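For reference, the structures are reproduced in the following blocks.
Below are two complexes that have chain A in common, paired first with chain B and then with chain C.
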Partner chain A sequence: MKALTGGRGVFVFIAAIAVLAAFPLLGLEGYRLRLLTLLFLWISLAGCWNFMSGYTGYIDFGPVAYFGAGAYAAAILMIRFDLPFLAGMVFSGVVCAFLSAMIGWATLRIRGAYFAIATFAAAEAMKQICLEGDRVAGFDFFGGSHGLTLPAPPASEFFYYLLLGFVVFVVGITYLLEKNKFGYGLKAIRESEQAAELSGVPTLALKIKAYVLSSSLIGCLGGIEAYWLTYIIPDDVFNVLRTIQMVIMTLLGGMGTVWGPVIGAGFLTLAGEFLGARFVYDYLTILGVVIVVVILFLPRGVMSLAKRKRG
Partner chain B sequence: MILLECREITKRFGALEALRRFSFSLEKGEILGLIGPNGSGKTTLFNVLAGIHRPDEGKVIFRGQTISGLAPHLICRQGMAKASQTVRPFREMSVLENLLVPGMYGGKLGLKQARERAEDVLNLLGLEGLGKVPSGEISLSERRQLELGRVLMTGAELLLLDEIMAGLNPTEVEGALRLLERIRREGKTIVLVEHVMQAIMKISGRIVVLNHGEKIAEGKPEEVTQNPEVIQAYLGKPYA
Partner chain C sequence: MILFLQSLINGILLGGIYAACAAGFSLAFGVMGIVNLSHGDFVMLGAFVTYWLFVLLGWDPFLTLPLTLTILFFLGLFLQKLTLNRIAGAPPIMSYLLTFGLHLVISSLALRAWTADYRTLNPAYAGLNFSLCGLILPYSRLATFALALVLLCGLYLFLYRTEMGRAIRATSQDREMARLLGIRVFKIFAVAFAVSAAITGVAGSLVAQTFVVYPQMGLPFTVTAFCVVVLGGLGYVPGTLFGGLILGVFESLATTYLTAGLSLVLTFLLLLIMLIFRPGGVFGRGALE
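Our next item is the complex of A and B:
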């Protein structure tokens, strides 16, 4: 782990980012550009999930609540209030910070499966509000099951760079967590919440902080995707499969590590694309087998290989 | 100067009264031993003091302020820290990092200062050289010392030590006693729960005996060991 969290990992990461930043200038476009953009989106999402759930040990099974809420917040601000995208994205973050502070305040007192169920329920509830809210209240706001259509987006490069920036930001935050007070507090909560509390760690406040930070960033990402794809419906942006994907990516790479979500999201997104193109009918089976094998032999993710080497 | 005062504390778990109208006070600089049979309420008392349990009646006054009802982390920051009987370190972290958490949060130190104090504490405990070892890989007696180190790192003035010598061999107990004496000389006040009788008699200036949640005796070690009720409830014949 030292080898990867230390200088070498950072160096590789910075070099990779520099190369990726140069790609569009060197003529990368079309499908490949969009694939990499999608990859950045997943790394960011898994990364956000990781620095909440991976570091505190509270398995959040409803991050998609904020992805969807963020998508709707940005869409509504842009359509109904005619404001620019940037305002929409910031608004997504603010709305999700507010929502997650309330939901976190209530749910972060319960642990384990109960917390997972509560957050899952919160996400489903939000989906229902977007689906049925209009009909129940008798106005035209969320667009019900027809969803919302956003204004035409700018060129693909815009999203490529925006999400690449997000990757740097999320990885950067996680990197700082490894060695700062906030991060030590979160890890202490994960390892033994009572010992943390007895050591002076304000556990509830710290968990809420991590949850709000993670959720508001996921909200911004939801806003970005809404603008990128220009069309959102509740069943898609609140789809539980997105949650599962964030969880699996982080588990594969290694929970509570800086590079785990990067590796996991990178692998799953790219493998999914390539296998999907080559083995159209069987690729999900192949992916499933790979995931099962990794979980069986490396239950703590690919990053545990690096850790083991050190010991 | 009175550092800590408990006034008529009662704590119930359902129908069970774990503590009944328990009162005592503690002078600054004292080492107070708390003894009693299993289930007599010693650990419950510690949990009430540290804020893990809220007393049903009565109050705890620390440095002139009522602290009963505060969250454990606030009590820790005010200067009262508890070392636990069931030791669970932050396993995924190194021994040094285990000490940084209480240093930064409880002791309100910056990362650099916390690191320096952690080195000092490791030296004091005789754990120097273990700083980088994952805390999941150290022995039981090292874990007990680390737990003591965790409490020291908070910079607390009053230490509540719940059976930190349990399971140690006689040599290790000797070492622990020397260490506690040294900590007291540095200006700390200590309340000790222990079943190792020789140890607690030797180091405590005063002893409080609990039985069924009530205080049945209080005084100097030699007085307490002569008390028939204490012999009956806890010590047994050899001490008579």
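Our next item is the complex of A and C:
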């Protein structure tokens, strides 16, 4: 554990990124390239969820609200206003920062199950707005249940490098949280919010900051996925299963740790890909069993195994 | 005016069912602190028990209720012993994930077994109704509403008039103190969860009378239970009746005067507003942490 959080972990990570960055140049393409891209997407998503919920202890059960909002923001800007993807992605981040600041300002005062339910409700409300907004208001904007089709994307390598960059960025932020005052503040909130408040930590401001940062990055990732897959529907981008996957990946690797989401997302994405291809119909059942087993037997994540072994 | 009264009555009839579906959710949360994301699947299982007994054996849907109660009681007991007891006292996130895992297993197994077809019950009296001053009242809706009230009264009497109910309430108020007083807390958890599953299953049997039955119907009912329980006060069981009625009337009026799609958005907004400004429910008697 200490070796992982210390200098050696960083060294291994940088080496791994360098190798991964070289892969497309060495001729990696097709399915494998897409699989690795998917892996980077999930590591980034789980990482974003982790530095909000893992560090503050506030369980956000509606991160898909921003994933979906980001996907729609990027898609609408690109289709309706003919702007380039980069503008769409930045717009996704801005929209989600704005939305999450509003929602966070209201919901981050309530705790425990209440916060989880409130964020879940926010995500479902946004999904319904995208589904029904057009019909109610009588315009053609979100595309209803048919969803939206985006312009043709560039080569797969573009998304590979973009998402690899995101992985580095998200892991970098989390790594800094272990060292800086902001991170200490968040951890203090997790351990005891009252004590933190009494010691002069501006808890609400810190929580909102972490929430907005996490949500706007998730929004950008939503925009990226929309452009990558070129097609979005509300039931998919706001799917509660995505939330659960972010949470279970983080939990599997270890919440509130730098490498937890990387390990958890890496394992579950590959396992999911393998199982999904082999057991198409029973995939969800197996996923359910895996979740139950992880919670019952590995509640602190696989990182805790490493910790236990070292004494 | 007739339209308004009709949607009001529809809302009240709907609200009774919602309350019956949500009471078990509140009980499980109050006693064990578990937000049960597989709650709606008990509704689904109850509905399917009734559906199959009706289709295969020709039982009247109302006569299937005792069997649903028994089956779901033991299923709840089994799931509780096998999984939920092990995470008592763990951080709440464990219970969200564990129960979501259970939801995935139950609903996907149901999907494999029974396919995704939409099914409806149509006993001989399905479409019958009577009108009163221009208002239409279907018999089966009235009967399910009455039975939902009976179910809730039964739960209330169980919790407030029996020794076991007293022990359950004591455990939900202060687990450690209850243990010190000689209450076997894990036994209480098991009974509370089994009762929660049983009444939810019966509510599912009632749901089957008026709603479409299919394996994926669970999650929407979990969400409905969230809303009802937050309105009535999380963990405060008698509040669920009022929570259910408020939500039923609210949804019914929103569907009549706005659109069905928007009514769901408004439901979630109502839920958000309640959580932010009045997390203890309309009576302020819900658990606050």
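By our rule, the second predicted complex is superposed on the first by the 284 of 311 C-alpha atoms of A that agree within 3 Å, B and C clash if a C-alpha of one lies under 4 Å from a C-alpha of the other, contacts with A are read in each partner's own complex, and residues count from 1 in each chain.
Definition applied: contacts are C-beta pairs under 8 Å (C-beta built on N, C-alpha and C of every residue); 3 or more make two chains touch, one makes a residue touch a chain.
No experiment lies behind these values; they were computed from the predicted model shown.
*Asks:* Which partner does A:281 reach: the first (chain B), the second (chain C), both, or neither?
*Replies:* A:281 sits against chain C, while chain B stays out of touch.
*Asks:* May I ask you to decide whether A:80 touches chain B, chain C, both, or neither, giving the answer as first, second, both or neither?
*Replies:* In the superposition, A:80 contacts neither chain B nor chain C.
*Asks:* Pick one for A:188: touches chain B only (first), chain C only (second), both, or neither.
*Replies:* first
*Asks:* Pick one for A:109: touches chain B only (first), chain C only (second), both, or neither.
*Replies:* Touch status of A:109: second partner only.
*Asks:* Under the stated touch criterion, name the partner, chain B or chain C, that contacts more residues in chain A.
*Replies:* Here the partner covering more residues of chain A is C.
*Asks:* Touching A:200, do we find chain B (first), chain C (second), both, or neither?
*Replies:* Only chain B is touched by A:200; chain C is not.
*Asks:* Thinking of the overlay built on chain A, is A:180 touched by chain B (first), by chain C (second), by both, or by neither?
*Replies:* Touch partner of A:180: chain B, not chain C.
*Asks:* In the overlay, answer first, second, both or neither for which of chain B and chain C A:118 touches.
*Replies:* So A:118 only meets chain C here.
*Asks:* Give one of first, second, both or neither to describe whether A:32 is in contact with chain B, with chain C, with both, or with none.
*Replies:* neither
*Asks:* In their complex, what parts of chain A are in touch with chain B?
*Replies:* Residues of chain A touching chain B: 179-181, 184-185, 187-188, 190-192, 194-203, 256, 311.
*Asks:* Given the complex with chain A, which residues does chain C contribute to the contact?
*Replies:* Interface residues on the chain C side: 29, 33, 35, 83, 86-87, 90, 92-94, 96-98, 100-109, 112, 219, 223, 226-227, 230, 234, 258-259, 261-262, 264-265, 268-269, 271-272, 275-276, 279, 289.
*Asks:* Any idea which chain B residues touch chain A in the complex?
*Replies:* Interface residues on chain B, with respect to chain A: 50, 52, 71-74, 76-77, 81-82, 84, 88-93, 97, 100-102, 104-108, 111, 134, 150, 153-154.
*Asks:* Could you pull out which chain A residues touch chain C in their complex?
*Replies:* That would be residues 59, 61, 106-107, 109-114, 116-118, 120-122, 124-125, 128-129, 131-132, 135-136, 240, 244, 247-248, 251, 281-282, 284-285, 287-292, 294-296, 299 of chain A.
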